[in-house]
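The following pair of complexes shares a single chain, chain A, combined with chain B in the former and chain C in the latter.
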Partner chain A sequence: MTETARSIKQSGVATGGWYQFVTRHRASIVAAVILVFPLVMPFTALAVNILIYGLYALGFNLVFGYLGLLSFGHAALFGTGAYLCGISIVHFGWPWYAAIAAGVAGGLLMALLIGVLAIRTRGIYFAMVTMALSQCVYYLFYQAVDLTGGENGLRGINVRTIDLFGLQIDFINPMIRYYVIAAFVIAAFFVMSRILASPFGAVIEAVRENEMRARASGYDVTLTRLLTFVLSGAFCGLAGALQALHLSIVPIEILHYETSGLVVMIALLGGMGTFFGPMIGAAVFLVLENVVSVWTVHWQLIVGGIFIACVLFFPAGIWGTLIARSRR
Partner chain B sequence: MTATAGQANEIILRTRGVGKTFGKFVALNNISAEFSRGAVTSIIGPNGAGKSTYFNLLCGAFPPTKGSIEFDGRDVTGLPQHRFAHMGIAKSFQITSVFPQLTTRENIRVGLQALVSRYDIWRPRARLTELIERADELLALVGLWESRERAAKTLAHGEQRALEIGMALASQPRLLLLDEPTAGMSPEETRTMMDLIVKLARERTVILVEHKMKLVLGISDRILVLHHGELLAEGTPQEVRQNEAVKRVYLGQREH
Partner chain C sequence: MAGLSFELIALQLFAGLALGAIYVLFAIGLSLIFGMLTVVNFAHGAFYMVGAYVGLYLISIGGNFWICLVAVPIAIGLFGLAVERVLIRPLYGRGIDYPLLLTFGLSYVMVECVRIAFGKTGYPFDTPEVLQGAVDIGVGYFPLYRLFVIGATAVVLLALWLFLEKTSFGLIIRAGARDPQIVRVLGVDVARVWLIVFGIGTAIAGFAGLLAAPLQGVIPEMGGTILAEAFVVTVVGGMGSIGGAVLAGLLVGVVVSMTSLFAPEMAKVSIFALMALVLIVRPQGFFGRAGLMS
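Now for the complex of A and B:
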């Protein structure tokens, strides 16, 4: 590979310094951090939550940060993944890996459905249409009591052991559970890194940067948007499926618009359109929530205040601000 | 007529009675024109003559309200714009239009990639080394080699215009459409740009939309003059300059 080829390997966005090194090994760095992460966390359940919401934000960020569309309906993708994974186990007795696959497929198909209806709108209209459609999905699952448990949520997703080619893994043990989930999350980060470095990854950014120019260059902007949204759905579906396995229950609140809003906050906090932003955002947000809620029941007031301060003073997010500093 | 002579005179683009209305406003009315392969054809006219509307029809930005457009003997009326690009029609915008946060080189590389790979989500794009090499050639051609690693938004206005032409060339167009490529440029930048266009026109068919008649007289093979959405005159620069109707339109308003 020529020097030139190497320098644009991961991204065509102008950067410099240490950032080049970090970008080249971004997925490996995430993997390394995830592997040692539970050692520095107060308890593993929090670490698992951070992984799952980090993955959810990773999928969301593909649409929000890289494609440049603000979706306010990603709860539908996350929630559908969780429900389909749970339903496959509770009602059909599927093995864990098939249930995860069902979750991914669920997120993907739901994204296709919502995408087809919403993708031609822009800006605030896209946010409104996706939000409205995700509310429809909420009521759909809310009403289908026989399958989803309705208001009570879907209970009884009991996966005690995971059978890996004859090897029985104890899924009850929190640390083992963490590493099983981490394996999927790390794989997802590698896949995402690959997508972003692919030719299609360049098209996604080109469409964000200048839709008219992309069209004149010969790209089908609408189809590019739809495919990106569907890819995002697969990642969010996986996150949802892992959430169902982790919690052993799918609460109906997973489809609530608050879940859509949460991922917007996480992505903004970490840095939209950056590779590490979603994971950093999830870690900061959830740790903050955890620490502050021990002190006071009004934790949302304090976390909200910190969030507002961050958006006002570091609009590029934590990771985005670090990158910007490095370029000076 | 021999085959070679036939080829030389071949018509690459033809519009038959095209018109465009926006609501009740008639922007363009019944324009029939032919564009020869390998020639430089300029479309001129005062403000509001319908030049940009005509240009947008030719590059497929929107379909005509009536009439038809034929490219290379094929009816292309109503096709989406990205299909125009695939057929080999490239355009530059009147208002500078680049990918601002991407590097200069990536801007051109993305333009090149559109012909090779649009939906591949798996292969690393750095493997498409021929695209990078070709991008570097184009950077040199439009004089931006020095700025290749800079974000496009940090380039000077004239450089961004040059970058845009580089991007238009990236698709190896059989027809290059330029919409007021010198708009907002300093006299020096304008000269550089006109030199570049002359260089490009040696190997390509170029259609140029321009507000300033003086700029295109020297470089055009044919000139179309639009006025109030109608085709006022057409011919060689010499013929157009002597045309009484054209003189009347350009009279009174100082030629800029």
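Now for the complex of A and C:
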């Protein structure tokens, strides 16, 4: 049997052998790219941002791309992760690893709270309810000035060294900081790959493809949706916690609905429902932002324009379009 | 709580109705567009904001508020027609999320264009001279302009009701909201009806922005806040229901107004608590059809 014939047999669609290879080793490929990335690109600050927003988009994509629900409230999950990580360091003096765990737990719990309410609605309502609830979270954190610093943001998250099994790692050094954060992001990508490959991952996609049929097959659709949303919250909470450590401040804007919109754009640009889409989207989006903001302050005009063009002409995103091309 | 008298509470109730009137105007446009086109217009806040800025511009070149009341809805409505024709129409039949995403991108473009044209900082918007001052409404003095807002909203609602219930075009709109396929089979150009409905919805948004301008001033970001709050109104009232939008809009206005009297720091959060309550007790909203949710 030739290679092409085998790939046709496996997926039902003619794809190149490279695509089979890429799909099988998807998490390892992401890991390899992330490890080499800062050696190719000189701006580590930008590279760290790409990592963090890539992870944020990865969590979002689980709900948007794989579950098929459009959430406009992911800023609440990302922001809660960042705030809980920051608060546990600033107010309680927790060590860095406990703070990251607090951030993940924060994203998870917030997703549970929002999810329980929003999952009661379906279709287009979901986007509206999640946006409204995240706006509510924004006001709550804004009001809790004693804990969050309110309008000024939460300041003073100073993690200078990271203590790993007695080894003191200098977190100020940008290159080392990149690799510390990269370790978490790579781990998250492996976990995500495992979830998607599991029977539960298949159920998630079954719910997206045909809710009635999934229900008829005996799967609890509502519970699947809630669990997926909560899992997504854990990934976004981790991204938020890393962002807090990276910036050493949590600005209140992290909870603004524009942060929710940002991740929608990144996921759509990269290719929703694809494994590499979030990372590619984050890289392209942030590099573009960096380039464009050099010559104009009206960056949002360009963002909006690109976004409209994406929706109209490339709804499959960069990676989705590449896959579709390779299948021709 | 010594200063709380019946009069104060009654006045606050009226203030809540004036605020609610703006929510009503905003939400019926949103609801009308959704009910017909099944498009959630994320740029609705941007149309509202542009409405206020067009009013500001017209007054700066020598127009007055009364001209604005007519010119602004027409200008924003025409702009809405162009948006539907050029940007939204290609997306029909491609899934319910795409128009939502597109209008979200559009709102970025509109906000940034206004920033380029008018600057990032806001402007005050003078209350027209005739409508300044306060009148005695029985329980105390109430700002005349807020009374005017309530009145103008009532007029728009009445006109919309007459249009939808008493004209043949309104009949087509109502039929189209129920079953566009059958309406198309009967020989009606549904695409044209959708175009006009989008125009009407955005025109009302522009009108609402103009009415809100003297109350809050104008800034480029004014549309984003009200959009999230209008989603609360549509969820509480029931998406696609005009009656629901009216009742829920007034209710949300009164709830905001009352909580800002008793617990000012909770005013912004209260309406979301209201939404959470409605979602738990009656997920389809007051007047929502259960089927519309899926």
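Here is the rule we go by: the second predicted complex is superposed on the first by the 309 of 328 C-alpha atoms of A that agree within 3 Å, B and C clash if a C-alpha of one lies under 4 Å from a C-alpha of the other, contacts with A are read in each partner's own complex, and residues count from 1 in each chain.
Assume contacts are C-beta pairs under 8 Å (C-beta built on N, C-alpha and C of every residue); 3 or more make two chains touch, one makes a residue touch a chain.
A quick note: this is a predicted structure, and the numbers were derived from the prediction, not measured.
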Which superposed partner A:24 touches (first chain B, second chain C, both, neither): neither
Touched partner set for A:220, first chain B, second chain C, both or neither: first
First, second, both or neither for A:203, with chain B first and chain C second: first
Which of chain B and chain C A:124 touches, first, second, both or neither: second
Complex contact set, residues of chain A against chain C: 70, 117-118, 120-125, 127-129, 131-133, 135-136, 139-140, 143, 257, 261, 264-265, 268, 298, 300-301, 303-308, 310-312, 315
In the complex, chain B residues that touch chain A: 59, 61, 80-82, 85-86, 90-91, 93, 97-103, 105-107, 109-111, 113-129, 132, 136, 149-151, 154, 167-168, 170-171
Residues of chain A defined as touching chain B within the complex: 1-2, 4-9, 12-14, 194-195, 197-203, 205-206, 209-210, 212-221, 224, 227, 231
Chain C - residues contacting chain A, complex: 34, 38, 40, 87, 90-91, 94, 96-98, 100-102, 104-113, 115-116, 224, 228-229, 231-232, 234-235, 239, 265, 268-269, 272-273, 275-276, 279-280, 283, 293-294
